[in-house]
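Next up, some structures in structure tokens.
In the two assemblies presented below, subunit A is common to both, partnered first by subunit B and then by subunit C.
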Partner chain A sequence: MLDTLDLKLLEEVADLHGLPQGAYNIRKNGQAADRKTTANIDIITKKDKPGIDIVVKPGTKEESVHIPVILSQSIGDLVYNTFEIGAYADVLIVAGCGIHNPSSEKAQHDGIHEFFVRKGARMKYIEKHYGEGEGTGQRILNPKTIIEVEEDGIVEIEMIQIKGVDHTVRDTEVRLQKNARLIVSERLLTNLEQTAISNITVELLGDESTAQIISRSVAQDNSHQDFHLNMYGYSKCRGHIQCDSIIMDQAHVTSSPMISALNTDAQLIHEAAIGKIASEQLIKLMSMGLTEDEAEAAILKGFLK
Partner chain B sequence: MLEMTNVGVTIEGDNGSVEVLKDINLKFEEKKIYVMTGPNGSGKSSIAKTIMGIYQPTAGKIILDSTDITNMSITERARLGIGYAFQRPPLFKGMTVRDFLNYAAGPDNTIMHCDLLYDVGLCAQDYLEREINASFSGGELKRIEIASILARNLKVAIFDEPEAGIDLWSFQRLTETIANMNIKYDTTIVLISHQERIIRLADEVILVAEGRISGITTQGKILDDIQCLDTGCECRNNCIKGGEDNQCLIL
Partner chain C sequence: MLDTLDLKLLEEVADLHGLPQGAYNIRKNGQAADRKTTANIDIITKKDKPGIDIVVKPGTKEESVHIPVILSQSIGDLVYNTFEIGAYADVLIVAGCGIHNPSSEKAQHDGIHEFFVRKGARMKYIEKHYGEGEGTGQRILNPKTIIEVEEDGIVEIEMIQIKGVDHTVRDTEVRLQKNARLIVSERLLTNLEQTAISNITVELLGDESTAQIISRSVAQDNSHQDFHLNMYGYSKCRGHIQCDSIIMDQAHVTSSPMISALNTDAQLIHEAAIGKIASEQLIKLMSMGLTEDEAEAAILKGFLK
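Take a look at the complex of A and B:
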């Protein structure tokens, strides 16, 4: 079923060496390739549209679900996944899409992920995007992520796209109820002629809800990046947006964090910075024996970690 | 031995060129400790940067153990065993103290992170996995900077105002550590400082003023002059001010 190329893509997007532990669903070139469920985690194919329902039983602890998508040919793939994370469950979900496009036609994956994180549940969601391939065909990934977090729920999201995706538009929407917590960390590197747009909207609906978005990016060559990070405080809540970009070569970066308070007890902060690598940093590392290229790589590696 | 002969440095800036160093002649012998002192803006850091290759000499020669390093890059000089602890170390967002020290040590050397941090008065448990970002105080940054120099096996180590932001208690350990580095690895040490306790480590004291070497003297002579200040004898003409806390040395 899975060949060497598939395994390499799996490793890139899900840190997997072979098949994952726990529940998983592997989608390859628009088809289900392999699936495993556990006593607590069910995966059901949707009947009305392409995609799956992932149902985590209430109280499930320390289990994981891997749902990688791999494309190894040019294809347009659209998928709808729905996640039901039962009350007081604590799970890790690893999604990700790896594209190996050998052709001159485009390969595109649009994933729409909807999450319901029930009362007191905790979810860590990791999404990695990766592209490669000798073909001139474009590699396009457009994820849409919608997350509802009920009372006392905790959601941690890591979104990583480091290499090889030509165009991406990622939309993320999160709604937080009473005492719910959200931490988003986004890492993005673009080079060549790539473009990336990231729209994140967080609504702090319930009292004592908190949200933190930490976005770090590096734009190289002629690539373009555009960040729209929005936070709405409707309650006694706290929110913090931090976006930080390193710009290099002829790249363009736009960063527009926005905070809106609709309640006098909402406390919201945004910080945004764009700049090149400081020459002092390069000089410091060179004075420790690194070449200029090694110093640059070390700085970027740390920044995007 | 590191030798600077008739070294001059002129820097092209936005407002024309600035002659930062003029006719510098210095010899740094193996195993010795030197303290370089002088007023703010006299050129001490510029001498250090010129040795490290951060500033390229526009006149003169720099020789390290009979190798002409005048036109070598920063990286080449670092690989020959020159190290420089910056006066104002930069931040590295995202890079941990552990990674930073590993880069300093180089790929072929294993280092004892905990011992290194202990030597600069930091608790490894609290610091190793922390990012070198704006959450650090000036003193913490300085200590990590110094640790990165201690992590390397150097021929010449330059410390630019290492005392800044470091409390007296840690200071004692720091001076011992620097003295040890000198004994253990035969490292030539150059300390840029105005601090009496650092001057006490010196085999030779180099006085810098207005981009030149204005004298080479002993710690005894310098410290006698400080004594003179403490006992309130009259301030003589060439009083030099410097250091974060603006101590006054009378020469």
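Take a look at the complex of A and C:
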């Protein structure tokens, strides 16, 4: 059912060589392509709309769920996935969408992911987006991610989009209860005429909750990036947003974060910087024998790592 | 024409003990109260609307213009002032508004100040806002400041509002041409049920233009502060926004800056922090014999200096 092209897309979005270990659900061109569950992880097809429920039993340790989506034809695909991460579980979720669009029509995947991370649970969530294809049809990915983190929960998110996606609007909302912890790492590269909008809103609701967002991006050619990173402190909490962008060519980058303290014991910090590659860095690498292009590529790779 | 109360307000908003040196125009309760011009500085009453034109001759050095506004009764006052700062002039402009509202009706002053800072000119602009009065009537100040800075111009702005103003919406727009420089220093303290909104937008239009905004605020009691500090880099330019707030009691502070790079050679940085007074600082001062209240007052004074 999965051909060579599918396997290549799977590798790009989920670092998979063949089928993954643990639980998985592979969605191809809007249809369920393959699924595996484990004793601790159920995957159930939703009855009322397209998508799945992923249920991780309380206390499940060191298991993973891969839910890649691949599109190899022009199609509009909308999916709703709901994740229940049971109390004190510790799991890795790898979602990602790879588009190979050979046509002149657009290929679009909109995924709405809702997570309930229960008391004391720990989740690492990796979302990787990738596009390719010889067609002129646009590749569009609009992920919406909603995460509720209960008391003592820990959520780590890696959101990566490296090349090939023409338009993306990424909406991420996280609510943190008492002593819950969030770490978000965003990596974004756009080129050509691409546009990317990233909206992240974090609500620090519970005392001792903490959140850190680190966003790094590179904008090349005529691409546009727009970051709206918002943090609301309603409690005795700590939040930190850091947003660094490298602009090249005729690219435009806008960074408009917001920190809002609604409690005297909220401590919120934001830092943002936009600029080009430092010429000293280029010169140093070129003095070591790299060409300018190689030096630039090395710096960008390090920056987005 | 000026009574003891007026002189006290003048001292608060313009550090004046009696009438100022140099050119001045004192506006009291919506009327011109006193005016002095110099050989180099003209002050002309506008014919089409309330307000004055202040014209500083090119090359004028080390002169000052004081244009305080005082309200000692409940009144709605709207004034348009236009400043022409001639090429290579170097002047100090002190504007400020003091309200003593004895009544239960509101006293409001809206000032629209437009500045043309010509080639190579240098202007320091100080704007101080102050309110007092035993009445229950609200004291409202809405300054709008628009500044065009031509090539090689240097503008330094101090905007200070310490207590006594119930509502303020401060709009500041600055456009910088080639090699022009801007330094903005904002100091704001709100208490009781006060609200303050500060919108600052800086457009870095010319190559080698630079802008720095440093905003410091303290929010006490149930007061609300909202900062929208925006910087657009259209050229080979550098911009830096720094926004620090101390929150106390039940106060709310929101800081939503935006940096937008529309040129690869634009370098823009933003930093913001919101938090309460560091307890180590308090403890240190209290160990030196200060009471908690004294220690707090000393820290706030230093922070807003």
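General observations
Quick note on the criterion: the second predicted complex is superposed on the first by the 305 of 305 C-alpha atoms of A that agree within 3 Å, B and C clash if a C-alpha of one lies under 4 Å from a C-alpha of the other, contacts with A are read in each partner's own complex, and residues count from 1 in each chain.
Operating definition for what follows: a contact is a pair of C-beta atoms (placed from the backbone, for glycine too) under 8 Å apart; a residue touches a chain by one contact, two chains touch by 3 or more.
Note that the coordinates shown come from a computational prediction; the quantities given were computed from them, not determined experimentally.
Shared-chain residue A:291: touches subunit B; no touch with subunit C.
Taking subunit B and subunit C in turn and counting the residues of subunit A each one touches, the greater count comes from C.
By the touch criterion defined above, A:269 lies against subunit C but remains apart from subunit B after alignment on the C-alpha atoms of chain A. With both structures placed on the common chain, the touch criterion links A:245 to subunit C but leaves subunit B unconnected.
When the two complexes are overlaid on their common chain A, residue A:253 makes contact with subunit C while staying clear of subunit B.
Once chain A of one complex is fitted onto chain A of the other, the partner contacts of A:261 are limited to subunit C, with no touch recorded for subunit B. Applying the stated contact rule after C-alpha superposition, one finds that A:17 touches neither subunit B nor subunit C. On the side of subunit B, the complex with subunit A involves touching residues 52-54, 73-75, 77-79, 82-84, 86, 89-96, 99, 103-104, 106, 131, 148, 152.
Of all the residues in subunit C, the ones that touch subunit A in their complex are 230, 233, 245, 247-262, 264-276. Of all residues in subunit A, only 216, 244, 278, 280-281, 283-292, 298-299, 302-305 touch subunit B in the complex they form.
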